[in-house]
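Below are two complexes that have chain A in common, paired first with chain B and then with chain C.
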Partner chain A sequence: MTARLFELMLKAAGYTVVISVASIGIGLLVGILVCAAKLSPRPWLRWPAGVFVSFFRGVPLLVQLLLIYNLLPAVGIVVPSVVAALVGLSLCTAAYQAENLRGGFASVPRGLLEAADMAGLSPWQQFRRIRAPIALRLTVPALVNEAILILKASSLVSVVGVIELTRTAQNLAASTYEPLLFYSVAGGLYLAINWIVAGGGALAERGLRRGRLA
Partner chain B sequence: MTLPAPAIAIRRLCKSYGQTEVLHGIDLEIARGATTCLIGPSGSGKSTLLRCIAFLEEATSGTILVNGQPLGFEEQADGRRRRLPQARIREVRSGIGMVFQQFNLWPHMTALGNVTEALVTVQGLSRREAGERGMAQLRRVGLEARARHYPSELSGGQQQRVAIARALALEPKILLFDEPTASLDPELTGEVLNVMRDLGDEGMTMVVVTHEIGFAATVGQRIVFLDHGRVLLNGPPAELFAPPRHPRLTQFLETYLDRGAAMLLKPA
Partner chain C sequence: MSFDLAVVVAALPAILAGLQVTLGIWLAALALGIGLGFAVAALRHFGPGPLGLALRLAVEVLRGTPFLIQIFLLYFGGPFVGIRLDPVPAGLLGLSVYAAAYFSEIFRAGFVAVPRGHVEAAQCVGLSRAQIVRRILVPEMTMLVLPQCVNMAVILVKETAILSIIAVPEATAVISALGSQQYAFVESLFLLALIYWLLVEACGWAGRALERRLSKFRFA
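Here is the complex of A and B:
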């Protein structure tokens, strides 16, 4: 493999990282909203959030991507394929992250909120100062897990024509007749990226250790 | 001459969980500036009563006046109860501090952060001012040096003292303690009880649910003995614990010999 081809692979890996990070970020924001809706006392918020989660967790990501890719133009929205890919990945991870967050909120001990009640904190102040920070901390390990899953799942967006790491490896394997080489390099790059993500997660958990539930 | 209004006045308070009534019409007045200890066997309803006074549980019927103000519900002219607006509830409750069996410190905040949280978030004090007041309260419980520690880095006794400082920082008129030493190792209960003893000496109105009979007998000015959801006995410890004792109380004390009850039972 020449240096130029390896550079192509690296660039494609960078593209994979950008798509994944963007999806995880958007997914976290959407996930927070979905989680808030699912915890809401209002049924008209809870119900759609439940449908959202069961759809995006229940339908394979590959099918979701193909659906969104073909649905958007059908309703008159013409977007580059990368946008369709981002929408699909983000909504899918949002559903999982919403459930992770809901678990985090459910694990906040009741007594901590009673203490906040006695200290005079309003429900919103309790959410902002007590519930959300503790739930987010409890969710960090699951968030790292989800980030790794999405990095790997991002290889699926090649089906809607996004040229990321997997697709680049496929193209180069086909044109050079050296599939083993390029798929090995692709695998190695995925592994390296995820190793960094896992390391970052471990650092974050260590940084938060002092503030863990006693 | 009129008697000073009690800190807490409880009238015909009942509390049920589903079909099970756990408090059967409690009438009780808590004197201002005194330490009242609620004792009784497990399931006698003492923690439930305390949680009703904190409005963490809503009584099924009856009224509670805190510093003369109705808490949670107001009795109307026709005798029916009306739920008070949330703002009124919060206002009346701001006169009450609570210390829990499980400490319930917020784990993501330092000791000082726990003490200053409501000063900043609820009372709107500046960080600096809140910090000074918070440090003063930590000094009061002897934990100034632990201000920057997180709860996970403190012993149980230290955590409970931080929790007391957190309650004190809001300058409550009444402090409620729900079995404050029950989840502590025996060698750590002393430091918490000492802080409480000091508070009692300073004239803080305290209601303490406890199994520490020795503490109740020496620090409590008033002992309320609950049994099966009723106030069975209510009086100063010297009166209650001296023979001839109520047989239920004797029976209860015999199960708590290791918590300082032994000295009350030994023949004089």
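Here is the complex of A and C:
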């Protein structure tokens, strides 16, 4: 493989990272809303959130991507394929992140909330000072895990025509007739990115543990 | 946008055939993945050091790369090293090896989680190594790892959809082909999503029922 082709692969890996980071970010925002709806006392909020989570966790990402890619034009929304891919990835990870957050909120020790009650904190103060910080801290390992899953899952957006790492490897493998080489390099790049993410996650967890309460 | 279910109804036999392939590959990969994963976990736990290291590396690579890349490597790269497989065997082999990597990690954690005291007690009453594995480790571990195994089974249902990309005639391939032939993408893809959704929910439900039934064997 020439240096020029390797550079092409590296650039594509960068694109994969951009797509994954964007999906994780959007997914976190949507996930927070879905989690809030799921924890709400109002059934008309809780119900749709439950269906959302169940659907996006129960249907293969590939099928979700094909559905969104074909559904948007059918209802008159014409967007570039990368937008359809981002919508699909973000909604899918939002469902998983909402569940992770819910787990985090459920694990906040009851005693802390009772203590906050005794100290006279208002429900909003309790949320801002106690529940949210602790729940977020408890969710960090799951978030790192989810980031790695999404990095790997982003290979599927190649199917709707986004030229990221997997699609680039596919194109180069076809044009040079060297699939072993290009798919191995692509696999190696995914592995390297994942190790970096996992290492960063471990560092973040150590940093968070230093300032922890519970 | 039109929504015409007649297209789907007309193609029902083909859809059922695709569904059969999905279920067949899923169950076979599940069984092979559990068997192979257990062997890998046992070898890493009890086997010699260098072998454990090699297996650990293989598991890391399989868990750190996308399944799509693995299947491309096997299906398109395989013929260059003498592995020439049709889509269905290639898909089954790829999915089983992929599953085995994840199952081996689940079982490894399970081995470690069985209380040492139970194994020591078994040694004291004179059970052989094979008896300890069969009577103590495996039953106790089964209860510990069951929830994660059900979770993995659900993930595998969803991964079978990826095999459509190498032309395995399973549900996703059949139904999305139907969509493009008849120009009925929306109907067929909704049906497809519904099928997977039901399958995944049913699998989760069966898993929880199994956990309840087996919970009497729980030691702690």
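Keep this in mind: the second predicted complex is superposed on the first by the 210 of 214 C-alpha atoms of A that agree within 3 Å, B and C clash if a C-alpha of one lies under 4 Å from a C-alpha of the other, contacts with A are read in each partner's own complex, and residues count from 1 in each chain.
Keep this in mind: contacts are C-beta pairs under 8 Å (C-beta built on N, C-alpha and C of every residue); 3 or more make two chains touch, one makes a residue touch a chain.
As the structure is a prediction and not an experimental result, all values here were calculated from the model.
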item	value
Contacts of A:A3 with chain B and chain C, given as first, second, both or neither	neither
If touched residues of chain A are counted for chain B and for chain C, the larger one	C
Which of chain B and chain C A:V78 touches, first, second, both or neither	neither
Contacts of A:N194 with chain B and chain C, given as first, second, both or neither	second
Which of chain B and chain C A:Y183 touches, first, second, both or neither	second
Which of chain B and chain C A:G111 touches, first, second, both or neither	first
Chain A - residues contacting chain C, complex	54-55, 57-64, 66-67, 70-71, 74-75, 148, 152-156, 158-159, 166, 169-170, 173, 179-180, 183-184, 186-187, 190-191, 194-195
Chain A partner contacts - residues on chain C that touch it in the complex	1, 60-61, 64-70, 72-73, 76-77, 80-81, 157-162, 164-165, 172, 176, 179, 185-186, 189-190, 192-193, 196-197, 200-201
Parts of chain A lying in touch with chain B, wherever the complex brings them together	109, 111-112, 114-122, 125, 129-130, 133-134, 137, 209-214
Of all residues in chain B, those that touch chain A in their complex	54, 56, 90, 93-94, 96-98, 100, 102-109, 117-118, 121-122, 150-154, 159, 163, 166-167, 170
